[in-house]
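First chain A sits with chain B, and in the next complex the same chain sits with chain C.
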Partner chain A sequence: MSDKNKGLNRARQIYSNRSQRARELKAAGKKIIGYPCAYVPLEMLTALDLVAYQTCGDMKEPITEADRALPHSFCPVMRNCLDCALKNKNDFLDGMVTIHSCDPQEKTARVWESYTNYPYFHFIDMPISVRPEALEYFKSQLDDFRKTLEGFTGKKLSTDKINAAIKAHNRQRALVRELYELTKPSPPRISGTELVQVIKALTSLPVAEGNDLLTETLAEVRNRTEGPAKKSARLLIWSSTLDDADVMDVFEAKANVVMNESCGGIRAYRADVKSSADPLEGLANYYLNEITCARTFRQATLGETRKDYARDLRSRFGYLKGIITEWKINGAIMLLVRYCDPFAFEMPSLKDYFNTLGTPNTYIEYDYTTGALAPLRTRVEAFLETIS
Partner chain B sequence: MVVQKEKKTINRLKSMYPLRAKVNETYLKSVEAIQAGKPAVWGMLNFYYGDPILKAMDIEVVYPENYGAIAAAMGVAQQYLDRADAEGFPTHLCGYSLTTLGYASRMMKELKGQIPPEAPLGGMPRPLFLMSSAAICDARYKWFQALGRYMDVPVWPLEAPLPGIKEFLIEGCYDRMVKLGVKNLRDFVTFVEGMVGRNMDWDRLDKTANLMIEVNRVWHEVNELRKARPCPMHSRDFWSAMPAALFLAGDLEDSLRLYQDMYKEVKDRVDNHVAAIPNEKYRLVFAELPPWHSLAFFDKLAERGWNFVIESVGYHPPIPIDLSKVSDPLERITKFSLQFLVGYYEEARKQNVLGGTTAYPYLKYAKEWKCDGALLHPLISCRSASTHLPYVSDMLTEKLKVPSLSIEGDIVDLRLFNPEEALAKAEPFEETMDHYKKMRKQAGFDW
Partner chain C sequence: MHFAGVDIGSTMTKVVLIDKKGNLLSTIKGPTGAEYRQLANEVMRQALEQAGLQIDDISYIVATGYGRLNVPFADRQITELSCHARGVYSLFPNVRTAIDIGGQDAKCMKIHNGRLVDFVMNDKCAAGTGRFLEVTAATLGIRLEDMGDISLKAAKKIQISNLCTIFAQQEVVALLSRGEKLENILAGLHDALAGRVAALARRLGIEPDLVLTGGVAKNTGIVRAMKENLGCEIFVPEEPLLTGALGAAILAKEIYTKAAAVGEALPTKSRRLEKATFFTQEHR
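What follows is the complex of A and B.
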């Protein structure tokens, strides 16, 4: 029998009460820094002994306060995040770090900073392309971030400290990948819902505690005799974010979600920060190049003067081919959070790519509210019928 | 709604018409260019960054954003929207982008590269390449990437750095933005040279950059004259005349002369107290993109004494900056373009209005152009032009006691804008403006 305070049980507890541990750490004298997006380099916070806490939305929370600051036709996830902040649900935060990963992040950051009063608030600008000059600029933005962090904490961000933090976060990435290895068998050893809970728990904990949680979870999952049941389909979900267990439950009612390619899943963990003489260079390269969010403009060859659509698709979505093969995916769902422009523009092209691979696929949109779950269930069931 | 007996209409500037004609001229030239074997490019509005490069290389540019507005105004957009929908693009995407995607699908899949016969102004010919921009919104580079489904033409993404107003003050930040901009532009020049098979004429680029800056300086001065009471120039004239400065449409030397003519006409009106509408009762600022398909709406409001004295920050020229000592034209162009993005930052920081590029200018407009109210036009399918509007409204009321009226609509889908319903809100809003006028007086404001 599993320990109720370890592994999956602990992940579930943290998922259900995300801020509890942050509040405990705050009471113990730690400083807690919020961040809304996977592009914020957490290593820099960890290196200064700051606790990084992802400020997520809450689908069950009706949006009331954010209405005065953001229009309705706007990313519902960010509206929800801001709403929670304006309702003081994050009152334990000592600061916020925001980033120009997409328009809604940038626009919300301005409003967030205007309507709240944290002791520390920093906005990191981020280029759209992976060109060398863009990388250099992004690195300089991280260096500016370093300066304000040092000013806030009164501590120096040394190379040793940041390298140690990179090592700890890379360890976390490797452990998450190990966990996803356990979805390869049929039936998978761990469900998509459990993975959502684990990943969300990680975004609520200091990296060392997260790594302990992952180590416990891996041992538990490897040794358990009762795992998820085998369902009719093995699904890949591609989305901006799928970080809510209720949403994942809808998919897993009749299928196994073996890959959650979103910011609530493997996306921020699929690669490592490479070691380099200048750690900020390694971080800049990882965050700009390696995270496969649709916000980044990618092309087959930098500055190409000829274009070939098939090559273009491979440069943008090629990483999915290996996933489909290795995880034996037989259905892909492109899940769009309404008003997410970077992902919305990708839909027809990604469909083309899935079609070239012969992977059955569908596009489903929802608005990040509990009211969307019933229609979502209908759409998922209809898709599963077509591929069964 | 009370209809006044006296008919009031907008008194259009004569000098506006030749500037407006430059849009039509641009489309016809691009079609002619293709027919003559010359290159034409589809460009995204890039705020003076990539355009001078293409201008100096004698490449015709058409702007799908602009074309989306034209297609909407001329009633042909709907078929392109329907087509984009059928292709699988979500309907809540930018209306301009959907129009372009539907247009490209029709041109490339159905007509084998021929311009659709129903396309207004001669249509957009098949481009040699696409010049996208990161400025202002995500759509403006993702949309051109999405066009790859229909045409195998390369895309160049122009970077547009945008730090926060506080972070911008960190030592060296501006210099690093310039460095990014110049390198990105230098590589763009190499890319364009490769695409057209000839080298940049750097003297010509130098001259083009200077002309662009001068055109926009004069255009800025024209708009400064609108601070006069009564205001001599209505927003409709602004929107009609802006493409020559904003998109560099047409010959720049000719444009400079035409803006100088406009300055003279507007100055003459100021000197003689001639208003853009017969009886200026209320002075308003408009944000952001107008309902292109229903511009007659403003004539109805003019009949009520509503004069739109300033508008659409994203379409306004940057605050003039002396770049005469910058010898490298690429650096001059970069700094001029950055001035659009961060030109208001210093003032915004002082006023603690963190929306430095989008929100703060409206406070400045309302204060310096002495506005009684703001008409906000949030768009269903253009989030970048809508997101900051609640914040703008909040700041205007809180800091300047200037009220806002929000009327939802869309840039392309005319079904989403109801002029009658909007006009019904005019009378109660006049009462609100009267009320806030008293509040401003009590608060010590001078208008």
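What follows is the complex of A and C.
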């Protein structure tokens, strides 16, 4: 029988009450630093004994306060994140690190900074392209980040400390990948909804506690006799972020979601930070090149005069081919949170790529409210009817 | 052996009963309404009465539409997209594209041999749906069912620049106060709606034959505007509201017959006609 304070049960508890552990740690004297997006190098926070806490939106919370500052036709996830902050739901934060991963985050960061009063606030100006010059610039930005962190904590960010933090976070990435190995069998040993809860719990905990949670969860899932039921389809969901169990339930009512390629799923854990003499270089390289968010400009044929669309598609989405084969995906869903322009613009190309692979696919848009779940259900079920 | 399709749409509830050969026995349409959504049983009772049947005479029941989860006596739920596809195919065997414009959404379906193969739906916004026409009819003080015929008398189309239902309504008021003729404004409104739905359909790719269904297909002005916008012939069923319920009934027959052929007993729900209770695990 599973322990109610361990593994999946613990992940579910943390998912339902995300800030509880952060508040306990704060009471014990730790400093808690918020971040909105997977591009913030958490290793640099961990290395200075700061607790990283992802400030997520809450789909069930109607947006009221953020509308003072942001337009309606704006990323509802960021509006919702800011709304929670303005309603003092993150009152335990000692600081906030924001990043120019996309324009809504950059604009929201400005508003966030002016409306709140955390002791520490830092904005990382992340470049949009993966060219070598961009990497150099990003590295200089991480060096600026290092300086403000050292100023805030009064501690030096040594190479040893940062290497130790990289090791701990790489361990977390490896454990998450091990967990995703367990969705390969049919039926999967762990459901998409359980994975959403585990990943969201990780973003609410210090890395060491997250790794313990993952170790417990792996043992529990490997040993349990009753897992998810086999459904008619094995889905890949590609999205900006799918981090809500109620949304995942809509998909899993009639399908197994075996790969969640979003920031609520495997995206931030798919690769490792490589070791290098200068750890900031390793971090810059990982965060710029390895996280496959649509915000980053990638074009294989850049600078060439002839169009080679097929090669370009392979360079941008090639990593999905292996996933589709290994996880035996028979349906791909491109799930767009409304007004997420970077992902919206990526959809037609990705659709072409899925079509070249012969993977049935569909594009679904929803607006990050609970009211969107019924229309979402109709679209998901209709897609499943087309592939059944 | 009889089969039923129950289509609970956002605005209208439809029931179709067919026999084992697929002949129509009865069709019922009624407003869905806030209370009515809980009363699929009443609509079913009327349909049974019209056909002279008892609920126990129905071998298999498929529910569809946004309210498909609120039909406790239905044996299976299938989305309105697959049901429309099947219903339209039964009436127009050459159909490849169907566009359904309902009270709350518009959907475009690609159909191969009666099967839904791809689709797009509009967002939650009322622009490009029946609600757009309802709101403007109310503003103009005319009956919804007269809108199409009035628009056909237009000498010219007034361009409606805003597709948002609320802003378009304001624009209509401004046009009226400027002295524009009603029929010209209506022709412009229909063109605006048709243009929006046509853009949605082009995302999917249009292959003939094209069939237009849903309550909005009853509007002659919209049918003409859709033809102009898409540049192709458009077929409209005699009763465009019923294709979803008809498809549901046909799918009920096919599912049942296929199972019977291999001697499989399909699980069916209790045939008691009772009011739906909401949000119980049983009906999810």
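The criterion applied here is as follows: the second predicted complex is superposed on the first by the 383 of 388 C-alpha atoms of A that agree within 3 Å, B and C clash if a C-alpha of one lies under 4 Å from a C-alpha of the other, contacts with A are read in each partner's own complex, and residues count from 1 in each chain.
Everything below uses one rule, namely that a residue touches a chain if its C-beta (ideal position, glycine included) is under 8 Å from a C-beta of that chain, and two chains touch if they have at least 3 such contacts.
Note that the coordinates shown come from a computational prediction; the quantities given were computed from them, not determined experimentally.
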In the overlay, answer first, second, both or neither for which of chain B and chain C A:375 touches.
-> second
Figure out whether A:365 sits in contact with chain B (first) or chain C (second), or with both, or with neither.
-> both
With both structures superposed, pick whichever of chain B and chain C touches the larger number of chain A residues.
-> B
Please indicate which partner A:87 is in contact with in the superposed arrangement: first for chain B, second for chain C, both, or neither.
-> neither
In the superposed arrangement, does A:338 touch chain B (first), chain C (second), both or neither?
-> both
Kindly classify A:385 by the partners it touches after superposition: chain B alone (first), chain C alone (second), both, or neither?
-> second
Now for A:114: first (chain B), second (chain C), both, or neither, which partner does it touch?
-> first
Contacts of A:253 with chain B and chain C, given as first, second, both or neither | second
Shared contact residues on chain A - chain B and chain C | 338, 363, 365
In their shared complex, chain B is touched by residues of chain A numbered 67-71, 73-74, 100, 102-104, 106-107, 109-111, 113-114, 121-125, 127-129, 131-134, 136-137, 140-141, 144, 147-148, 294-295, 297, 299, 303-309, 312, 336, 338-339, 341-342, 344-349, 351-352, 363, 365
Flag every residue of chain C that touches chain A in the complex, lowest number first.
-> 66, 77-82, 105, 115-121, 123-124, 284
Residue positions on chain B within touch of chain A in the complex are 87-90, 92-94, 97, 129, 132, 134, 137-139, 141-143, 145-146, 148-149, 152-157, 159, 161-164, 166-167, 170, 172-173, 176-177, 179-180, 183-184, 187, 190-191, 194-195, 353-355, 359, 378, 380-381, 383-384, 386-391, 394
Hey, which residues of chain A end up touching chain C in the complex?
-> 253, 338, 362-363, 365, 367, 371-372, 374-375, 378-379, 381-383, 385-386
